[in-house]
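The following block contains the structure, expressed as structure tokens.
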Amino acid sequence: MRQLKSLFAIAATALAVIAAPNLAHADKLQDVLGSGKLRVGLLTDAAPWGFKDDKGEIAGLDADLAKLIAADMGVKLELVPVTGAARIPSLLSDKIDILIAGLGATPERAQQVMFSQPYAVVNLGVYGAKSIPAAGGKKPDNLDGRSVAVAKGSTLDVWLTDNAPKVKLVRFEDTPAALAAYLAGQADTFAENSAIALKVQDQNPTKEVELKFLIRQSPAHVGVRQGEQNLLNWINTDIFFNKLNGKLGALQLKWFKEEQTLPTL
Amino acid sequence: MNFLPLWRYQNQLIDGAIVTLELTVISAVCGLLIGVAGAVALNGRITPLRWLVRGYIELFRNTPSLIQLFIVFFVLPNFGLKLPAFEAAAVALSLYFGAYSVEIVRAGLDSIPRNQVEAGQCLGLSGWQVFRHIVLPPALRNAYPAVTSQFVLLLLGTSLASQVATDELFHVAGFIESRTYRSFEVYAVICVIYFAMAMSFKALFAIIGAAAFRWPRRR
Amino acid sequence: MRSFSLIDFVSLFAALRWTVALVVLALGFGAPLALGLAMGRISRFAGLRWTMAACIQIVQSVPLLGLLFFFYFGMPVFLGIQVPALVAVTVAYTLYTAAFLGEIWRGGLEAVKQAQWEAGACLGVSAWQQFRHIIAPQALRLSLPPTVGFLVQLIKGTSLASILGFVELARAGQVVSAATFQPLLTYALVAAIYFALCLPFTLWSRSLEARLDGSR
Amino acid sequence: MALVEIRDVHKTFGKVEVLKGVSLDVEEGEIVTIIGRSGSGKSTLLRCINALESVDSGEIRVEGERVHAKMPDLKKFRQRVGIVFQAFNLFPHLKVERNVTLAPLLTGRTDKARARALAEDVLARVGLADKIDAWPEQLSGGQQQRVAIARCLAMAPHLMLFDEVTSALDPELVGEVLKVMEAMAKQGMTMILVTHEMGFARNVANRIVFMHQGRVWEQGPPAKLFASPETPELASFIASAK
């Protein structure tokens, strides 16, 4: 009888361990330090943030930052490739510890995830043929009635949706698709960061790729699950530290070929 | 889970659902027409036409419809055929649905015994009259369940159109998700919408089927 | 950002192993379940028939993506159960396969004439033996072509597993396309690989169908 | 005690009463032929004897045992009572040998070693020993029906029911099936037949049962029944059958 009872107790404990919402950890930072492993989610289809290089390895600014953070923390790094649709669910369901995916911060998004200090910044713009006139003022009125290809859900998408109601936005799954649409003539212009625009011009010398409207600077932030204040603090400190020692600036130069002028959060 | 922040996007969701419905119905009707025409061609005597239809079916059944969509949208413009997103999606999905429909309709036609055709011919009916009045009704009835389930697959499959910037339901969901980062809430909502649409269509088809095919089945 | 190279070919073909593995998993677990569903659907007990029908209807009416999402991301968030990606993807594809194969096989079972059951019953053979030796072999022959047809859909359908981080063929295509900025070349290549993978099955299904017609 | 005892059997399908109180005894070794117009309830009666249909009231006993769809040893019972249908219902996916031996193998009546010999034996009795390795689809209708009979014989039944077994056959194929049945009759098999073959009924049967509107209208030895029918219904039936 006593044996039966203890057996039951073991079973109940086991069930409790399995069923316990192990998301409600007291402190993610201590967990990571304790396990000696940092799981970083990042995109592999968003060059130059994250992509597969010609050796098949994950490369890009996000991947470099992940290595930097893990090294500063003194833990092993596990890179977890995520897709655009899976990045937030991966973070919320504890499949990854932090998300480095060129995230742009907005008040609406901040209700769901916490954003770190920015670690990089890019110039966002709308690019198109020479025949399109330049913008008159601070508004992209020169684009009214024209179509702009954009990667769905990007900061560009959000900004144009809110600030350029007369522009015909065509939203694609990812950047390559948006660019392919522009190159195929399915859109008059495309919106991207300056590094990508340069690359497009390089690869398609016959196509006109001219800046038509400079939207704004777009800082990128690390994403952390709601409530993990300690982890966020540490990451902010680390970003601040690497900004001072010039490593973040070097990364910007390496991947975007431009000097870094980081704003603060 | 907090669904309230999605409230302000309700109009987009409704619009997206409507686009999904339009895309589904248009593709289904066009695809079914392709299906009947293709099935007739397959059973016909013109050999090159048969080969053409067969090649079309194999090409569209054995490649992912996403790739077909990409080709219609991105590649055809190089040949001077530029279609806007919705039209491109409708064309690609019609062709995809058509390839399956040909097979389904043909199976339905083949299920009609040869002597039915002969019986019709013996009554002095023309080829078209035999097809229209004697072969087609029972053939459609036999093909009906398969068409219905393929239709629901098409409804769920229209989500692919989001990849070429068609503002259908799945696309709207991705847009809302990227603005709010409320992935679970958004995907739960659109799953329910898809489910409701699929169930409504199934019920509708059951009613239409019962009304259209009233003669008793041979046991 | 780089140009298309040999490594991209390699990564596409390497991704094939996940496509194949997912199909094997889906069939390995889904087919037995499908058999159960099909038998439940033709059962004498109305309650069982309705339950099975409802299960099939629900799974068939929800986007496969929704199933994948629920089992991988939803279980930890709602129930606090961490599910490894492989388990989540296996469960989702098993349900998907079972629902569709179950319906196909039910059709096959129902297509065998009622008189065949009766002929077996008149010989004093038990209901299970009637099913096992008389009905099932005939039903299998009838359902083989649509079963193979579904297999092709399944092969193409595995692309959705990319959302859980499985770099199968379609996902590898996206990654290569993103790195090389050559979506058209990449997707044409991906389409060709799918075509080469699926066509043998389609042709097989067709020849099965033709043989079936011939024997009638 | 008669081999088959039928007492006041009623059977209704929906609103149609097909059997309106049928009583009939069949002795061991007897050949009973049931004749009558279509819709008179002949086939239904036969299906009730084999428990393919259950009766609404009244009872049927075979070898003293009450027959109904839920009888505990239904399978054992059906092994003792063979039935052959108008449609042969051979199993198209099995060769002739396996068609014949499937049930004996599954019910443990024979084993794999002796199955072949069993098949040869029963097929020889229907004159088809040379078709043992054929597929059902390769046989003529008459041959398929003989295989169906052999399939029943392989279970060594005590009673055989034949439900219009020649109706689906071309006229020139009817003879071969009837010949097999005649041979079985000579060997002393108890048989109940529903048939339109009046000549066969006259020559082979011990007794003719004329069914009309769900009742046994008239019965007796063939010579008497055909020569001097007592009811006008039978007289007109015989006249129309000629």
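For reference, chains read A, B, C and D in written order, and residue numbers begin at 1 within each chain.
Just so it is clear, a contact is a pair of C-beta atoms (placed from the backbone, for glycine too) under 8 Å apart; a residue touches a chain by one contact, two chains touch by 3 or more.
Bear in mind the structure is a predicted one, so any value in this text is a computation, not a measurement.
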Partner chains shared by subunit C and subunit D (touch criterion as defined above): none
Central chain of the complex, centres being mean CA coordinates: C
Taking each chain's C-alpha mean as its centre, the one farthest from subunit C: D
Centre-to-centre distance between subunit C and subunit A (centres being mean Cα positions), rounded to whole Å: 34
Centre distance in Å when subunit B and subunit C are each reduced to the mean of their C-alpha atoms: 20
Rounded Å distance, subunit B centre to subunit D centre (Cα mean): 52
Chain centre separation (subunit A, subunit D; CA means) in Å: 80
Of all residues in subunit C, the ones touching two or more other chains: 69, 73-74, 77, 183-184
Multi-chain contact residues (two or more partners), subunit A: 85, 89, 92, 177, 180
Chains touching one another, given as label pairs in label order: A-B, A-C, B-C, C-D
Subunit C residues within the subunit A interface of the complex: 1-2, 5, 7, 10-11, 69, 72-74, 76-77, 79-82, 162-165, 167, 171, 174-179, 181, 183-184
Subunit B residues within the subunit A interface of the complex: 5, 70, 73-75, 77-78, 82, 85, 162-165, 171, 174-175, 177-184
Residue ranges of subunit D touching subunit C (in the complex, touch as defined): 50, 52, 74-79, 82-83, 85, 87, 89-93, 102-103, 106-107, 137, 151-152, 155
List of subunit B residues in touch with subunit C within their complex: 58-59, 61-68, 70-71, 74-75, 110, 149, 152, 156, 159, 183-184, 187, 191, 194-195, 198-199, 202, 219
List of subunit C residues in touch with subunit B within their complex: 57-58, 60-66, 69, 73-74, 77, 103, 114, 152, 156, 159, 170, 183-184, 187-188, 190-191, 194-195, 198-199, 202, 213
